[in-house]
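Heads up, there are several structures right after this.
Presented sequentially are two complexes of chain A, the first with chain B as partner and the second with chain C.
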Partner chain A sequence: MFSYVLRRLGLLVPTLLGLSILTFSLVHLVPGDPAAVMLGERATPEALTALRAELGLDRPLYEQYGRYLSGLLAGDLGRSLKTREKVAVEIGTRFPATFELALAAILFAAVFGVAAGILAARKRRSFVDAAVMAGSLAGVSMPIFWLGLLAILLFSVQLHWLPLAGRIDPSLAVPRLSGFLLIDTLLAGRFDAFVDVARHLVLPAWVLGTIPLAVIARMTRAAMLDVMTQDYVRTAWAKGLSERRVLLVHVLKNALIPTMTVIGLQFGYLLGGAIITETIFAWPGVGRWLVLAVSARDFRAVQGGVLLLATLFVVVNLVVDLLYAVADPRVRLAGGDE
Partner chain B sequence: MSETRRAFRQFLRHRGAVIGSVIVLVFVAIALLADVLSPHDPLAQDLVHRLEAPSATHWLGTDDFGRDVLSRVLHGSRVSLRLGLVAVAVALLVGGTIGLLTGYYGGWLDLIAMRVMDLMLAFPSILMAIVVVAILGPSLTNAMIAVGIMAVPQYARIVRASVLSVRGLEYVQASRALGAADPRILARAILPNIAGPIIVTASLGLATAILDAAGLSFLGLGAQPPIPEWGSMLSQGRELVLVAPWVLTAPGVAVFLAVLGFNLVGDALRDLLDPRRT
Partner chain C sequence: MIGVAARLRSLFLAALLVALPALAGCAKKDAAPAAGGGSTTPVAGGELVFGRGHDSVRLDPGHETDGESFKVMDNIFENLVAYADTTTEIVPELATRWEISADGLTYTFHLRPGVKFHDGTPLDAAAVLFSLDRQRAMTPPHPYHAVGGPYTYWQSMGMDDIVDGIRAAEDTTVVFTLKRRNTPFLANLAMGFASIVSPTAARKHGEDSFKFPTGTGPFRFVEWVKDDRIVLERNPGYWGAKPYLDRVVFRSIPENTVRLLALESGEIAGMDGINTDLAGRLERNPGFTLLKQPGMNVGYLAMNMEKPPFDKLEVRQALNHAIQREAIVKGLYGGYGTPAVNPMPPTLWGYNHSITGYAYDPAKAKELLAAAGLPNGFKTELWAMTGPRPYMPDPLKVAEAIQSDLKAVGIDATLKTLEWGTYLDQVQHGKHTMCLLGWTGDNGDPDNFLYVLLGKASTRLPAQNVAFYRSDEVDALLIEAQEETDVAKRAALYEEAQALIHRDAPWVPIAHMTQLVGFRRNVRGYPMHPTGKVRFRSVWIEPGA
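After this line comes the complex of A and B, so read on.
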């Protein structure tokens, strides 16, 4: 196991280096002069020269990359060209919002997805099975930006059940400690604010969790059906065990291994893919900030945001792989060819 | 011929395939006939009749510029289908070529290209598209390229794996023994035999491409106003959700149905072309 972990960690280094090269190249792949693109058509020659010097564009490429990489290693992502704030600080203040949303969404998707998958597998070729499969097909075909708008229209505008947008009612603001509002409100002993934060989370988490829910339901169903044909399951039935025991203890335990992998991968996607949901619900996270940075052609901010989200995705995938190896010994014994 | 006919008959017996094909064909027909079917000019502004609810004159109402929503949705199918097709073509051309060459030749080319593909897969797809748009600037054409590029690693991997599975087969070796040049072997012996997985990936890829492109436009990073594109219409509808909800109903239904149609066809093709899956 130890050598497997080392091997996987070893693969992380070239991937992260590759990511750094890719984000570094972002500025250089821009057609024309990046400084001119950033400042627009009416930029003065002096401003252009100053920006080129600030970005280091007047230096040789290898030197530029060296400075970029050493900055990264020191946790320095440069300054936003629009706000002049440190990119690392800007991301740091927004990241808890993205993480809290992604976590809520994956919890929702995992609980309902696994339950729907089990139900469909248990009642294979029944109405329930057909309904789960049709629902999951609709889920993966659903434009979540539309679903989000409809959800706002129904639950916020028409029924007034849930708040329209944002993370918390401004009148209930609590001191920022962790940035995770569910935790901060509890630490402040403000239960009313905690409930408000939870209510703000419902719609975005539901919308963001829709596609993962569909994927997880399909995966759970397929994995359950796969395990149900195994000999040891037939033996369990033959021993006269109850359906509940066979399904939940013998089948689900093994079917959950591939399902857990899918849940982990989906979580990685959610961290980076919350961009659209954050935009719909005016959620003050990294994704929405990144879109604004792209529109403003603020390359330093885009570089930092993309690097952070991609790194998170890679790390989450690595953790999923390691957990998979813990759960299924065949993975780590399969050798290092993969 | 009989083989083709048998496959076609099987396709027609698949419920998902039939429903999906009907949906797709309706959208193709709408895209082709958008000019004839549209009751109004999709770009014509009429500020006197802005934000009107659905009526006999404007079946799906008007938007905040007084433009006819129905006409814009009908024309939107043209934009979205073209978007999807171009994006898949880009992905297929670039990814397919990479997969074909790396799978056939192997060696250092394979090693380097596949590491680059792995790196691209290290990005959640929408993030990859955003990187491309950040480089090229927001526009409809760049959205097509972005959505195409983000699918490249997927196509490269599938084509490569398919090539690897047939590369060592006897008929390929026979072709080589007969002195056929590499391009001929690739085009005549290998490509026709790996068409199945490529067709499946492309049809499912069309669904993803339409969805992702609409998502990019929704974020303001794809089609720019006044182009009647479903994603940007929804983005505009977001501002009007309180006053004119009809503006966002029709484009949303259109994206959903188009994506559903291609997903159904793709799933059916996978069922029929890959007997290992049930």
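After this line comes the complex of A and C, so read on.
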């Protein structure tokens, strides 16, 4: 188990090295001089030259990459070209927002997705099944942009039930310790602010969770149906076990393995920042930041951001793989002797 | 699958379009009542939340170039001189008065006594020197010249070619000596980059100064949550008329529609970056005020005079007669634009109002083409930006409209588009035949439009003068206007230059895009400024409304 984890983590190094070369070359192959983009219409030759020198753009590419890599090895992601802030700080201030939203969205999606999947599998070919399948098809197909706007129009503008944008009412001053506002508000003993933060989370988490919910529901249903045809399930029925026990203990436990993979993957995607949801709900997360960095040709921010998010994605997948062992004792991770 | 998804999407689109006006009706009922009979005496107190599309990049005035940063800093920092509330006239701010020597080379500023920065540091000549000297290219360089990045605005406004030296004559007097006579220099000093910062704070925070903006302005900095909000509060020790608002919060809400909904639902009290297609919705709603003004910008079609047939005057005039700029502004600026006649907006002093512009007259255009020896027209390229710019909401559509207008007079123009950074680079190196481009003014001085965009010096590569218009006559007038210190005489020179430019027709001026700011009806006293500056000192909230 331990060596498996080590091996997986070891694989991270070449993966990230490859990724760093890939992002570096992509960012530099994209047409458009970052200095020209930053200065816009008012670029004078002097200002352009000064900015290029300042950014190191006047150096050959291999030298730029070499500097970047040696910085990376020293644990330095560099500074954003646009803000001159450390890329690690830029991500650090925004990641809690993304994480909080992703976690809320995936919890919502997992709970309701698995429940819907079980329901559909149990009442296969019934009206419930058809409804879940159609609903999940709609969920996957729904343009998040429209769903978000509709949710805002209905719940914020018309009904005034929920706030419309942002993470917290700006008049609530809560000291930021962790950046996770649900935690910070509790640490500050401000229950009113906690409720405000939770209310701000509802719409974006719902909107962001729609697609994962649909995917999870379909996956759970398929896996359940698959498992339900197996011999040991028939045996369980034959033993006279209650439907509840057969489905929730015998079937679900095995059906959860592929479902968990899907949940883990979806969570990994969500951690990369939900660009559209973050944009609509003015959510100050990493996704929107990264997109703006791309359009500003802020290649240092892009490189650092992609690298960090990729690491996270790999780590999340690793954790999911490890969870297999917990869910299914047949899975042995020692490896090498299959 | 794909077919179903697309159908669902169109269904949703339809549903939303039906829902929008209906909900607008509801929002109207919820909105603050119109304060028709409201009081006109300002009241102190309250918090104003202002929504905008992006966060600030950084908050050190010397380094920044983006509008969203200056929007916040204009409330925190002040300059030696400032723009008047609603015009680009230069008025005293941290300097109570100044003298210009007879040769126009020495400017002596007398500082306002008793002014303190937000951190308690007194405003003195040393602070002015610190704020401006750090930006200059000097030998040896100022100790803070290399701190915090390049001083882009100082460089792009050519300040190193203008300023020879700055010295403190006494504690409260600062003397600038110039390398050459340059009157727009005074207007440059009113720009954001020339704001005076607390040297104490700058020394204390070094590279991180941009996170701790410390000026002398009516509001002081409280908090910045990246991509979310920047909070300012009233500066209790402000030297001038105290601001009315207790707090100002700048909130970033990137999606235009959502920002408008936030205004309608009361989450924010004011906003800018209003889509022209949504502006009407706000304008019709009695709970809100939509402020409009031609922006300090111009969008234009430049003809590269280095490339035939645009070296011929008749061809350039023909294009001016062939293009229906009124129709373009009406159709593609959503009515929120002013057809451009001159290269500068009519809100600036020195604008020549007697020029009426080339009338739309395709027959005349054909005549002119024939006179140029091109009775059957010609083939050419029309370059256009792919994305919206502050002076043109949809350049591609504008290009298509121009293309069809030109076709009507026999000119066959092929559209060419490039990614923005590349586009700018290619155009500034004169690779185009015709191109769309535009400009947003910096200092409110006509020089900043006419000399920058049409002066001979600006044809140097990478060129700002992308028509590559070289007129000795116009250049002489523009340089004389730079050296003249009398504003009335300068205005006359600029009017004359505009008449010559109009005759030579290096551009087809298209439009000045209207700047729009929206507020809830109870927000009073917002001074709309031609430069687009967002200043909240005089703003107050009408209670009970």
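Definition applied: the second predicted complex is superposed on the first by the 280 of 338 C-alpha atoms of A that agree within 3 Å, B and C clash if a C-alpha of one lies under 4 Å from a C-alpha of the other, contacts with A are read in each partner's own complex, and residues count from 1 in each chain.
Simple rule for what comes next: contacts are C-beta pairs under 8 Å (C-beta built on N, C-alpha and C of every residue); 3 or more make two chains touch, one makes a residue touch a chain.
The shown structure was predicted, so the numbers you read here are calculated from the model rather than taken from an experiment.
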Chain B versus chain C as contact partner of A:I152, first or second or both or neither: both
Chain B versus chain C as contact partner of A:L6, first or second or both or neither: neither
Partner chain(s) touched by A:L248 [first = chain B, second = chain C, both, neither]: neither
Touched partner set for A:I275, first chain B, second chain C, both or neither: first
Touched partner set for A:V111, first chain B, second chain C, both or neither: neither
Which of chain B and chain C A:V294 touches, first, second, both or neither: first
Partner with the higher number of touched chain A residues, chain C or chain B: C
First, second, both or neither for A:L177, with chain B first and chain C second: neither
Partner chain in contact with A:A130 - chain B first, chain C second, else both or neither: neither
First, second, both or neither for A:L22, with chain B first and chain C second: first
Chain A residues contacted in one complex by chain B, in the other by chain C: 30-31, 37, 137-138, 140-143, 146, 149-150, 152-153, 157, 279-280, 297
Contacting residues of chain A [partner chain B, same complex]: 14-15, 18-19, 22, 26, 29-31, 37, 137-138, 140-146, 149-150, 152-153, 157, 268-269, 271-273, 275-276, 279-280, 290-291, 294-295, 297, 299, 302, 306, 309-310, 313-314, 317
Chain C to chain A touching residues, read off their complex: 1, 4-5, 8-9, 12-13, 15-16, 19-20, 23, 26-27, 30, 47, 49, 54-55, 57-58, 65, 148-150, 152, 155-156, 158, 207, 210, 223, 225-229, 231, 249, 251-255, 257-258, 261-262, 264-265, 267, 418-422, 424-425, 428, 437-440, 442, 460-462, 464
Chain A contact footprint on chain B (complex, rising order): 115-116, 118-119, 122-127, 130-131, 133-138, 207, 211, 214-215, 218-221, 231, 234-235, 237-238, 241-242, 245, 248, 251-252, 255-256, 259-260, 263-264, 267
Sites on chain A touched by chain C in the complex: 30-34, 36-48, 50-51, 54, 82-84, 90, 93-94, 137-138, 140-143, 146-147, 149-150, 152-153, 156-158, 160, 163-167, 170-171, 173, 176, 279-282, 284-285, 288-289, 292, 297
